[in-house]
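One chain, subunit A, links the two complexes that follow: it is found with subunit B in the first and with subunit C in the second.
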Partner chain A sequence: MLWVDKYRPKTLDKVLVHEDVAQNLKKLVAEQDCPHLLFYGPPGSGKKTLIMALLRQMFGPGAEKVKVENKTWKVDAGSRTIDLELTTLASTYHVELNPSDAGFQDRYIVQEIIKEMAKNRPIDTKGKKGFKVLVLNEVDKLSTEAQHSLRRTMEKYSSSCRLILCCNSSSKVTEAVRSRCLNVRINAPTEEQIVKVLEFVGKKEGLQVPTGFAARIAEKSNRSLRRAILAFETCRVQQYPFTSNQAIPPMDWEEYVSEIASDIMKEQSPKRLFQVRGKLYELLTNCIPPEIVLKRLLFELLKKLDAELKHEVCHWAAYYEHRMRLGQKAIFHIEAFVAKFMSIYKGFLIATFG
Partner chain B sequence: MGKRNAIVVSSSDDDDDKNLSLGSNLSHSKPKSRASSVPRASSRRSKKTRLSDSYAISSRESNGFDEIKLFCEDFDDGFSGFKISTGSARSNRKDLWVDKYKPRSLEELAVHKKKVEEVKLWFEEKLRKQKEEFCNNVLLITGQAGVGKSATVHVIASHLGATVCEWETPIPTIWQEHLHNSNSGMHYTSKLDEFENFVERIRKYGLIPSSFNGGSQTSNILLIDDLPLANGKVAYERLNRCLHLLVQSALIPTVILITECGKDDSSDHSPRNWEELQLSLQRAGACKVAFNPITVNSIKKTLSRLCREEHCNVDTEQVDLIARASGGDIRHAITSLQYFCVKPHLRRSLTFSSGTPTYLKERSDEINRLDDGFSLPLGRDETLSLFHALGKFLHNKRETESSISLDHNAFLLKERFARLPLKMDAPEKVLCKSHGQARPVADFLHENVLDFLSEEAMDDAWVVTSYLSDADFLLASLSGMRSRNYEAENIVQSSAASVSVRGVLFGNFHPSPSRWHAIRRPRLWQVEQSLRHNKLNMVSQRCVAYDGLSLSDLSVVATEFKPVLKWLGFRKSEGREAQLASTKDNMLNDDSFDGTSLDNKVNETTDDEIEDW
Partner chain C sequence: MYLFFPIEAGKKAPQREREMAPLVQSSQPWVEKYRPKQVKDVAHQDEVVRVLTNTLETSNCPHMLFYGPPGTGKTTTALAIAHQLFGPELYKSRVLELNASDDRGINVVRTKIKNFAAVAVGSGRQGGYPCPPFKIIILDEADSMTEDAQNALRRTMETYSKVTRFFFICNYISRIIEPLASRCAKFRFKPLSEEIMTSRILHICNEEGLNLDTEALSMLSSISQGDLRRAITYLQGAARLFGSSISSNDLISVSGVIPQEVVQAFFSACKSGNFDLANKEVNNVIAEGYPVSQMLSQLFDIVVEADGVSDEQKAKICKKLGEVDKCLVDGADEYLQLLDVASNTMRVLCNMPLEFSYEN
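Right, the complex of A and B next:
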């Protein structure tokens, strides 16, 4: 088991990072009036951990007995029926799914599942807790239509089910949905908090962590606790006992992006652009989201760039990132950014060095 | 029926012959008589095609010849699918110039002399040796529509004094007719079946009527002009087999005409089937003569002859235009000429259209001459293959100097926006001709355009890619809409195509020196496919994290868990040193593997590679 999972706090009491949030959630559940919840925050900040701990708090250990199901939903959409296949994860008390997997048919999923859940409503021995919890991941990736239908079903079935929504950015969740939920913002942990957690893990594993090493990992992790713990574990496998100046292995795709960046810096020509395209394809085939590729690429390029150009380059990166969201095929836009960068950089080189 | 009788009176000068021919399922007439389109008109009622008598007054009267029993139990419903015509006689009632001026002598044929000679020699040889020689009695003539394949056969036959017996394709059965027939108890046979039966009979018995010819000084030629439609693999196999047999065992000289449709015209694979058919027939021993499109000059000659005979004064320039516009199809050219002469106002418009853009005339390359056809109200639409069109866009041929610069009304552009005029039609027109759709066109351009930029032109590369990105944006703009608005979609599609093509043409300011490039299939398609595949895999791996208690985001799995798991997995199994290299190698290997497999694909798919146009 990975350390991330092994040392994940199981209950709200054991949480190390967002203690205040955890305590509030605990109070909320104790009062037995749980509203819909919307967790949002950057990746690696502990949203999922909190949700899982919350579920346990609500339903006890039973919430951890889950089974994965590949279910096909038959949706009656007016004139035709649509078959949708989706992976769900369910216990007796809750169902979790990623509705955005259904692509543009996501709105059917949201409606249909909530309807079905409302139908077979669990009844406790005491007749209490007559609701199920539906955990929806990546709500920000839902289409506007799906979010609208989510709003409607939320109202209609609010007596029988509670929603826990989870996303990275609340700005992509419609106002209507947001106002019907209790919004819980989960900040990215600070570096000190990350160091604290790493040291906790190190102690549990019985490792000697030299001073400064945990801080270096925390610094590299971009304030993502998950990244930090994963990196910590790879370092452990790479070399133990630790030395404080030990190299922290980067993710392979990040390495690949920085390779692309240095390719771009070395030569600016259509031919090189073509080679870069091949490498970008490689990244995309491995399911690295194009937005992340573009962001990382910009980051790598900025590292090597003269300050004079940074502003313009960022402008174009933002421009093509926007284009990419509106467009269909990401490669067209990433490549346009690369071409623009090459053209700017080449002009700069000629102006500076003649 | 009345019409048929009229023909009988006018054309057949041998009534006794008619009686004889009644019994046979074939009839024949003397070389001067003409039985052109009549059987078609009259055989409307015939659902089945037999080898039957085109002159049959009534088949019920038929006096018992044995042949009847052989193959026409239900002769009564079958009027001929088989007609005989020899030579050509002009009928004054014919209004179509194409029929009126059908070539009557070898000299009048517009087909190239050598080809005519070739066919003639073949006929002479076959007719001479008819008795002794057994095999290789089949001649295959191929060529576009309207290059005079049938005309050549008819003229040569009449020149040699031979009779042409023609298989005439039966009229297709329409559904109502079929219902009617099946109600009245008649059996439906497919046209392919009928053709097979016909071929079977021909092989076994040869042409029957030759026996009635009274000593048979005239020799017979069988002409199969219209092969039955073979749709699908099975039907095609049957046709192939049946023709194969015919080639191997035809008793009399047989000519099979195959009309080649331009390969670009249709997107389906039927043209390829025809090519295969030709090859297999050739292997079976058929002799093949391929007719090329008729040259502009000989079309011009024919047209001016027609003009003289019809006494209409069309000036040479217009004849020239018509000839060019016809694309080597003489039938089309003649019809155009007739149409043109009928409508006087067209002449004006023609001269007008050919006279307007002065710079058009200055350009003397082949493309433009063809393109002029578009300004003609009677031109033929050319089609281009998608690859041809892409080649035009990518190679970006332009004039060496601007010829409209002297125009005072011209809109003055800054130098960096100004481009020399294109050596082609408006890009939209080219796209339209090639039936290019926006998405594949954009993908193909994206894949290939970088090869065509000069090494130094980084700015151009940016301009091109930014236009492609615009095009992609346009293409995506409607995809999320709930209700489809086809009209709007259409406009967006065509504007996206236009943006991508014009962007490529405009952006490629410094094209690389033209050399041979293969046009690749977009790798993007392959990438998307494997991306979908990988995504599906990843969905199933989603529960790896969180100890199976929760689902995680795909992007997190891809960017964080997978690399780490790979890393840890390697670490545990392998030594420490080899590891660092091996992850990298792994990635590189993936790379190179993909590269080679792609190359293979490319080799397969770019059969129609483009050379420098």
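Right, the complex of A and C next:
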């Protein structure tokens, strides 16, 4: 079992990073009732962990017995019926799904499932909770129609079903949905907090962690706890006992992007652009999301540039990333950015050195 | 009854059972609990209330179109008038409520709405309710209906106008096609003023036994910006989390508003003219998980009120804010867009050239 999963806190009391949030959530549940919740925060900040711990707090250990189901829905949409297939994670008390997997038909999924859940309410003979919880991931990727249809559904079925929404940025969730939920912001853990967690993991595993080593991992982790723990485990596999100057292996795709960046800096020509294209394709075919490639590329380039160029480059990065969202094929836009950068940089070199 | 429904179980009883078993109200969202049941209780919307009270007396009313920002009482008003006209007995058979969560394509308009509209009904008072001789179709969130569906409604509205009244509810009147809008009496719902908001909130606080000081009260009405539903949701959230006495800081933490210091730090980083400093600040905002759209609107407030910034500079900054907001709606990456704003703001404030010198 990976350390990330092994040391995931199971209850709200054991949470190490967002203690205040966890205590607040506990108070919420203590009143036998909870509002709709919207968790938002950057990746690796602990949203999912908190949600699972919250479910456990609400329903007891039964909430952890999840089974994966591949369900098919037949949705009647006027003249035709649509068959929808989606994988859900369900326990007796909750259902978890990624509605954005259904693409443009996400609207039907949301409506169908919520209606079905409202119909099959758990029977409350033992004085158990009479509602189910629906956990929706990546709500920021839901289409606008689906978000619209959530609005009234949330109110109508509020007695039988609570929603827990989870997303990276709440600015892509419509105002109407946000105003119906209790918003919970989960910030990325600070480096000190990451160090604390890493030391905790090290102690549990019985490892000797040299001073400053955890801090170096934390620094490299971009404030993502998941990444930090993964890096920590990788280091453990590579070399143990740790030495204080042990290299922390960077992600291989980051290495690759940094290579691309230095290629671009060295030579600005159509030929080089062609070579870069091959490398970019390789990144994309390995399922690195294009916006992350672009962001990383910008990050690497900014490190090497003069201040006056930085403004210009960051503007064009934003411009082409926006274009990429509107367009279809990501490679065009990343390549356009590279070409733009080459032209700017060449212009700068000629103006400075003649 | 209690044999079948132990008290704890009764708390979460669904709508049907509620009428039978007494219900402990705590499970209900306050927004639903304090939704006005009668038209005359709707706050701050005098014209509508006057027209509708008239309707109650004369049992006659035109097609209606309610529009206005969220949380101003549009749906409440429509539901209240329907209940007051028909009472609980007839409500089911006389009122059809459709909203964006139901399918409302052109097919539904052609079949469901048309069939419902076509049925003739009798008049005559029943159980103390006016029960006028028409039915009501409430189309909530009508601005999310397709144009085709709206077009299909035009003739239906006229043909069955004797026996059916339509209530359209929407946020943006510009998304309702002109032919529909011209068939309706239009009512704009104003954002609630601070006093009205305060009085409603105080009422709820009294009912729920909450303690709010004046600072928290004014904070609540300023962060909710005239949206009463939002104010009540925040209040309930804060009450759940922090118990019965609520300070303005508690309200900020549940509302998702960004603390002023963070925005100020971002603005001064832009003022400093150091790109790397601004970049660090942007990274910080993203890592803390603050929503960038909120950041932009709070930055906008600071820029507009800033001293020592010329009008031209303000205009340039605001122009960029507008462009970036559009990009965010299109789904662009938050980090890159905020960085673009930071860089633009910095160039404006430090009088660096806005045009790029190496572009050809």
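In this text, the second predicted complex is superposed on the first by the 352 of 354 C-alpha atoms of A that agree within 3 Å, B and C clash if a C-alpha of one lies under 4 Å from a C-alpha of the other, contacts with A are read in each partner's own complex, and residues count from 1 in each chain.
Methods note: a contact is a pair of C-beta atoms (placed from the backbone, for glycine too) under 8 Å apart; a residue touches a chain by one contact, two chains touch by 3 or more.
Computed from a predicted structure; not experimentally measured.
Of the two partner chains placed by superposition, subunit B and subunit C are both touched by A:326. Shared-chain residue A:42: touches subunit C; no touch with subunit B. When both complexes are overlaid on chain A, the residue A:238 reaches subunit B alone and has no touch with subunit C.
Contact with both subunit B and subunit C is seen for A:343 once the two complexes are overlaid on the shared chain.
By the touch criterion defined above, A:1 lies against subunit B but remains apart from subunit C after alignment on the C-alpha atoms of chain A. Looking at the shared chain after the overlay, A:215 reaches neither subunit B nor subunit C. In the superposition on chain A, contact is made by A:145 with both subunit B and subunit C. Taken together, the two structures place residues 145, 326, 343, 347 of subunit A in contact with subunit B in one case and with subunit C in the other. Looking at the complex, you find that subunit A touches subunit C at residues 24, 27-28, 31-35, 40-42, 45, 77-79, 111, 121, 124-125, 127, 129-131, 145, 148-153, 155-156, 158-160, 169-172, 175-176, 178-183, 185-188, 223, 291, 294-295, 298, 302, 307-312, 314-315, 317-319, 321-322, 325-326, 343-345, 347-348, 351.
Listing the residues of subunit C that touch subunit A in their complex gives 6, 8-9, 11-15, 26-29, 31-32, 70-71, 99-101, 103, 105, 107-108, 140-141, 144, 227, 229-230, 233, 236-237, 240-243, 254-256, 275, 279, 286-294, 324, 327-328, 330-337, 339-340, 343-344, 346-347, 352, 356-360. Those residues of subunit B whose C-beta lies close enough to touch subunit A in the complex are 442-443, 446, 450-451, 453-462, 464-466, 468-469, 471-473, 475-477, 479-480, 482, 523-524, 527, 530-531, 534-535, 538-540, 542-543, 545-568, 571-572, 576, 583-584, 587, 590-591, 594-595. Listed in rising order, the residues of subunit A touching subunit B in the complex are 1-2, 4-5, 8, 43, 48, 51-52, 64, 66, 68, 87, 89, 96-98, 101, 104, 135, 137-138, 143, 145, 226-227, 230, 233-234, 237-238, 249, 251-253, 255-256, 268-271, 273-274, 277-279, 281-282, 284-289, 292, 320, 323, 326-329, 331-333, 335-336, 339-340, 342-343, 346-347.
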